[in-house]
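In structure tokens below, several structures.
Here come two complexes built around chain A, the first alongside chain B, the second alongside chain C.
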Partner chain A sequence: MTATIAPYRPPQQDGGDGFAPLLHAEWTKFRTLRGWVIAIVIAAAAIAVVGVLLPASGQSHCGSRSGAACLALVPTGPGGEAVNDSYYLAAQPLAGDGSITVRVTSLNGLISAGNGGFVGPNSPPPGTMRPGLVPWAKAGIIITGSTRPGSAYAAMMVTGSHGVRMQYDYTSDIAALPGPVSAASPRWLRLTRSGDVITGYDSADGRHWTEVAAVHLAGLAGTVRAGMFTTSPLDFTPNFPTYAEPGGSLSASVATGTFDDVDLRGGAPGGRWAGQNVGAIGANYAGPRIGLRQAGGRFTVTGSGDIGPVVAAGVNNIFITGTLADHLFGVFIGLLIMIVIAAMFITVEYRRGLIRTTLAASPRRGRLLAAKAVVIGLATFVLGSAAVAVAVIAGSRIAHDSGIYVLASGWPIEVRVILRTGAMLAVASVLALSIGAMLRRSVAAVAAVVVVIVLPYILGVSGVLPASASEWILRVTPAAGFAVEQSVPQYQQVVGHYGPPDYYPLAPWSGLAVLCVYAAVALGLAAWLLRRRDA
Partner chain B sequence: MEATIEVTGLRKRFGSTLALDGMSFIVQPGQVTGFVGPNGAGKSTTMRVILGLDAPDQGSALISGQPYPRLRRPLSHIGATLDAAALQPGRTARNHLLWLAHSQGLSGRRVDEVIERAGLTSAARRKAGGFSLGMRQRLGIAAAMLGDPPVLMFDEPFNGMDPEGIVWMRGYLRYLAAEGRAVLVSSHLMSEMQDSADHLVVAGRGKVIADTSVAELIAAASGDRVTLRTGARPEAMTVLAHAGATVAATGRDTLAVTGLAAEQVVARLSESGVGFSEISAHRASLEEAYMELTRDAVEFRAQPAEEEVR
Partner chain C sequence: MNQSMTHGRSQTMTIARHGLPLPAGTARTERALAGLPDALRAEWTKLRTAPGTAWILAAVCVLTIAVGAATAAATRCGGGTGCSIDPTKVSLTGIEAGQAVVAVLAVLVISDEYSTGMIAVTFTAMPRRWTVLAAKAVTLTSLVLAAAVVAVAGSLAAGRLILAGNGITAAYGFAVVSLAHGPTARAALGSVLYLALVGLLSLGIATIVRDSAAATGAVLGVLYVPPVIALFLGGEPTWQRWAERYTPMDAGLAILNTTGLRDLVISPWAGLGVLAGWAAAALLAAGLLLRLRDA
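The block that comes next holds the complex of A and B.
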């Protein structure tokens, strides 16, 4: 009856058919819901505010000193990192090139039998000490630029239970001959200096030598000190083998190394071996054992302390230190809010029936989910990174000004932590979005993202589980992503409490990769279900 | 390609329920096609299949010759409202249309145009959560018109509309059809279909039980019955019976005439000089026609499932 009317032809319209309109639509959808915008801003604010305010007490952290005075106490190594540098040294000057060779015949020690504590004026009297050698007690030979803590050095040493090592400039540690030292099984050690290059050797018989390494010490003075040293860090026994609880007992320890066949070449003729305590720890030690004893060609050197980098929660730290992770406690709160928003970014569409409008406008469902993922991922990345930047930069400055030595600070590491943490928030949000797309119901999806992401984190870091279980959780669950918060390296030659928030079982990028695998699998599954199911 | 909706042999089962059982029809351009049927007839499922939201077990639905998922910028091919309540309450009407427009590469200017045409200008910046059902219907119409599509599909657009809105909607549907668009409107309000639709697709139990113009359907249901009031009842009966009609006395001075159109009844009586005081052609309402059809649906059920009614 109306067949005479010409079929309607719409005017030609501009506008593409690509991915960009989808992104634009999803972004418009996101930004036009005030509740979501407010929530994500609150998430970012939580990250920033908690990060800045929580660790900042505004007080100096070392008694009556000012913040700057506190920081001036911390020795720093050639690389600028904070170091422990306390040991007993028996040395002679060495002008120009030369070498030192010794035979080590024993390494023994004593560990305080009383209550744990720092070695200091109130250390238990020697009578309360029991024989014992801590694993990283060290006795050996050293070439050092000076006896000022933090000087460049290289050393060959025997250790309590890690065999012969060559260590230099605090952070570097190279394993050499294994096994303990004893009179029946002595160790020969040698260091040679040639310009800025120090070469370490070891030998089990004094005839056959093995080169351990030749290392370059930048800016070594013309005249250095070469000699024998002994040091012994605190004994650490964890009370509870949990991750987050650094509870354990610390006990003072001293070690004594016995040397003979000492051969210094290149030194001044007729030089004398002068004993000297280096650094703050041994200087405070009240016991009589510290020092150098010499009988004929036999030297015994007794010392206490450690030579090595300062690590977060290291048991030998005598200064207040902090890390960037101290300012990232708010990330957990921000993450919680962000993943709830991300899950609801799709579940509310199901709740309102809006998903049908969405899918009618964008029939290619995989692309639609991808667009949602990009929008929620970018929004959480940008806001998350910005908030983490405020927390880390402002927080660590405030901590620094109040006298906390912030380990591994500086722009390169700060930028990495900021971007990695932003990426972690984004990937976790994409995972949450995928779970929302799979479950289609807000309550179920929010419960699921909490169980999948938040619960493992709480179990992993709260210390309610044994360390091995916590470690496993932080390796294999999406909570592995929190590894991005790490800014300080772990040193196996330094005893410390290597657990959250400063340390995770996986490296930062590996942890992020674990989270990415979860997000990718969930996103793929969600896309498959979205394509397959009726809307 | 002509602007059409072409539904062919749709079958879909939800668990033990056979929702669609060979649904087939074509929506032509230039007219309003009413899609009616009782609850559970499969109207909504059919519309979801047309929009590519539900996948049929068998059969196909084509928009101007293409399956929905293959449409690029689909809202410029077909505009539809399925559920007027499907809105995010916290988002304003304009922002709702804005994201839809952006998904099709359209700008905010187009949004303002469709808002004006739907009569929503004053409410555009209010949150959709506070809208009456009638305003939501207008918002749905505006959304459907975003891409200026040649094919339109509205599910129960009169629901919740005030009388003024119903008049507006009826006029708008006619206007869209007059522009040459294909318009499919589902409704359970038969009276609205009588005034709005040119063509009807009647669904029952997952298939089409009538596919006809509104005029034909009413004529078929009316059956050419004429009521006559006259003082000369016997004479009139004789004249009309001779003319080939079947005549029955229904009262002291009323007759029911079938088999002869009202005009011919008047002509025969005038020729014979038989007087009458009133004559009326009985017109079945669409409602009556619909009741008759859906009663018959039971019979259709007994027939082979593959039957297609055109």
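The block that comes next holds the complex of A and C.
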């Protein structure tokens, strides 16, 4: 009689093969290595300390005041954002509903030759001026709540080289009729007010009108000012066209708009046009050039300045601005340390042969990699976010107290920057872990993650490359993820230096998405290799 | 491992052959150098027979040329004029990536021995630590130089072809990438030396740190972190200039510039000298620590 000996099969266990114990095991491995814990805490500390300390330098002064007191002088628009609001206005009061229609026959300008720098109350008078029109010189009609800088407004205007535009409340810009204005091809502009709604129209012949947009200006006063305005921002000629170096020469400029066929409806009977310089810029020109001249039905209005949002490194800023990105310098150093740890999180198992024990204990290799990714991702996200929170919140408060106007601050944007940056650190760490799993050797993995993640960032932001190459690098390499640091919007209607560290070529979430794609592909490849190869 | 043991024995024999007495004063030098040829052969055998070496050297060339070519391909100048593009520097951008691979090779030369315990055998066979370090430095440098020549030549050739295709040509006033052009030849020679010096700096740091992964992180941190710090010190021009003048990568890479030399914060050769100073300091510290510490 032969007895059949059944091979021993261990009873199926429910809990043993689950994901939670695997996570627990990986977490224990991570947390009990003192060197790693110290290193990752150093990484977080670097983010926080560098972000708080590095940008804090000196106090800004404005007249007899200094520090945060200066910021009271910064005009803010209806949306709460800092704005430039300087122009020459020829206006009449408009009580209730009405409309203003004009014909613009020319827009000319002068640019100061060799007179760089900002035009402020204390700057020297412009030297010899040469004829020239900056691209965003503006002349047109405006309906504004008041002449206090930062008031709600809507305007139709011809511009230096961007055709007819309708702009309102500083940040909004709508393109209308293209082409330059001249006596041969004048532009007719019209604004109508009905309650809080202002509608803009343009026309190339004065008979056929096109509605550009109808916009709602919240809280517009009952009596507003309607009139003609001209303004002209500083001329900016970049002399060092790399991505990161905001070098360039700034020159003062003025522009003159010529208007006729002026038709104001709803104004006081017999009202006359009163000229006034609005805002600080242009005040020093209060000589023969700036102002309103009227001959018969023809008006010439000459002004200087800009009406629009303040951007970081904008050419027309008259006070010191900062962004949340100023406080994220340390993120790069923290990232470097975190990705080295993340790569080593798996490579050290290969060096000591621990990987065989690990895989014997949990033979499902994809799950093992997933557990490691979750542990390193969560650890870097939590520590990274906390460190970024300290850097951003404390750093921007210190900057504010020393008189720097931090653009786009406030809780909602701060929270977004903190979470995005934490997520970027976590995703980069998962990418590094995947590279470590593919290469298996610490040295190769550490070098690879640095070359793949850190080096493109250096090449992209440091200005060693031509602008086109830098921009390309920050779009297609994992360094695109650094776009999460951008907290301020870019405005095409404001000339400025739109480059790192304040601006990136991709929007924050798109940049993070690029990094995520790299991480996902690398993680998939690593899982496939892990299953396919012997340990 | 046996190899080293054999050479250890022959080293003893070499000293015996030289015989005594030696003139006073030269004795130490004479004896220290006595073991060098054998140490060199030992290190050369180790490096030559390690499975990764050939791959790493190939990676130096491929990465340098590929990054340089990609950068050149992404370099455009809208109207053809008015861009301050330095064609040689653009072509050699890959050096910034290739140096990381050189660092890896340099780290492996010493850290691998620590991680496998081989270092104990090496020092048993060749107890003169300065000699071992010198032998490692010489073998490493000769391999890096060979790879760097290929990498730099390939980068310049690729850059020359690609930039011309993008309209960055002499017709628009850009210097053609050519070794007949003095500054370009200097940049080419200098970038070969730059990679060799990065190798020596890395060897020094790795000897100090010992652990391979930590050493790689430390070397790449020393290279890549200061440029970014300098970038963000824009508000503090004095500090920024200081950082750009005296940190290894920023100073050393000044050698790549062929245009706008008057605007450089440090002249090309002086910059390479700064890097050489870093490498020398690292090797000195490494040698002293090798003598002071147990393996």
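Throughout what follows, the second predicted complex is superposed on the first by the 502 of 535 C-alpha atoms of A that agree within 3 Å, B and C clash if a C-alpha of one lies under 4 Å from a C-alpha of the other, contacts with A are read in each partner's own complex, and residues count from 1 in each chain.
Just so it is clear, a contact is a pair of C-beta atoms (placed from the backbone, for glycine too) under 8 Å apart; a residue touches a chain by one contact, two chains touch by 3 or more.
Every value quoted in this text rests on a predicted model; they were computed, and no experiment measured them.
Within the superposed three-chain model, A:Arg34 lies in touch with chain B and out of touch with chain C [touch as defined at top].
In the overlay built on the shared chain, the residue A:Arg364 is in contact with chain B alone; chain C does not reach it.
Contacts of A:His24 after superposition: chain B is touched, whereas chain C is not reached. Of the two partner chains placed by superposition, A:Val406 touches none, neither chain B nor chain C. Look at A:Leu506: by the touch rule set out above, it reaches neither chain B nor chain C. Of the two partner chains, chain C is the only one that A:Ala444 touches; chain B does not reach it.
In the overlay built on the shared chain, the residue A:Val348 is in contact with chain B and with chain C. By the touch criterion defined above, A:Val461 reaches chain C but does not reach chain B.
On chain A, the patch touched by chain B and the patch touched by chain C overlap at residues 348.
Per the touch definition, chain A reaches chain C in the complex via residues 54-55, 57, 240-242, 244, 329, 332-333, 336-337, 340, 343-344, 347-348, 351, 442-447, 450-451, 454-455, 457-459, 461-466, 468-469, 472-473, 501.
Taken in their complex, chain C has these residues touching chain A: 52, 63, 71, 74-77, 82-85, 89-90, 93, 96-97, 100-101, 103-104, 107-108, 111, 115, 212-213, 215-217, 220-221, 224-225, 227-229, 231-233, 235-236, 253.
Contact residues on chain A toward chain B in their complex (touch as defined above): 1-11, 13-17, 20-22, 24-29, 32-35, 348-349, 352-354, 356-364, 534-535.
Those residues of chain B whose C-beta lies close enough to touch chain A in the complex are 2-3, 28-31, 48, 51-55, 68-69, 71-76, 80, 82-83, 85-92, 95, 98-100, 102-106, 143, 147-150, 177-182, 198, 213, 215.
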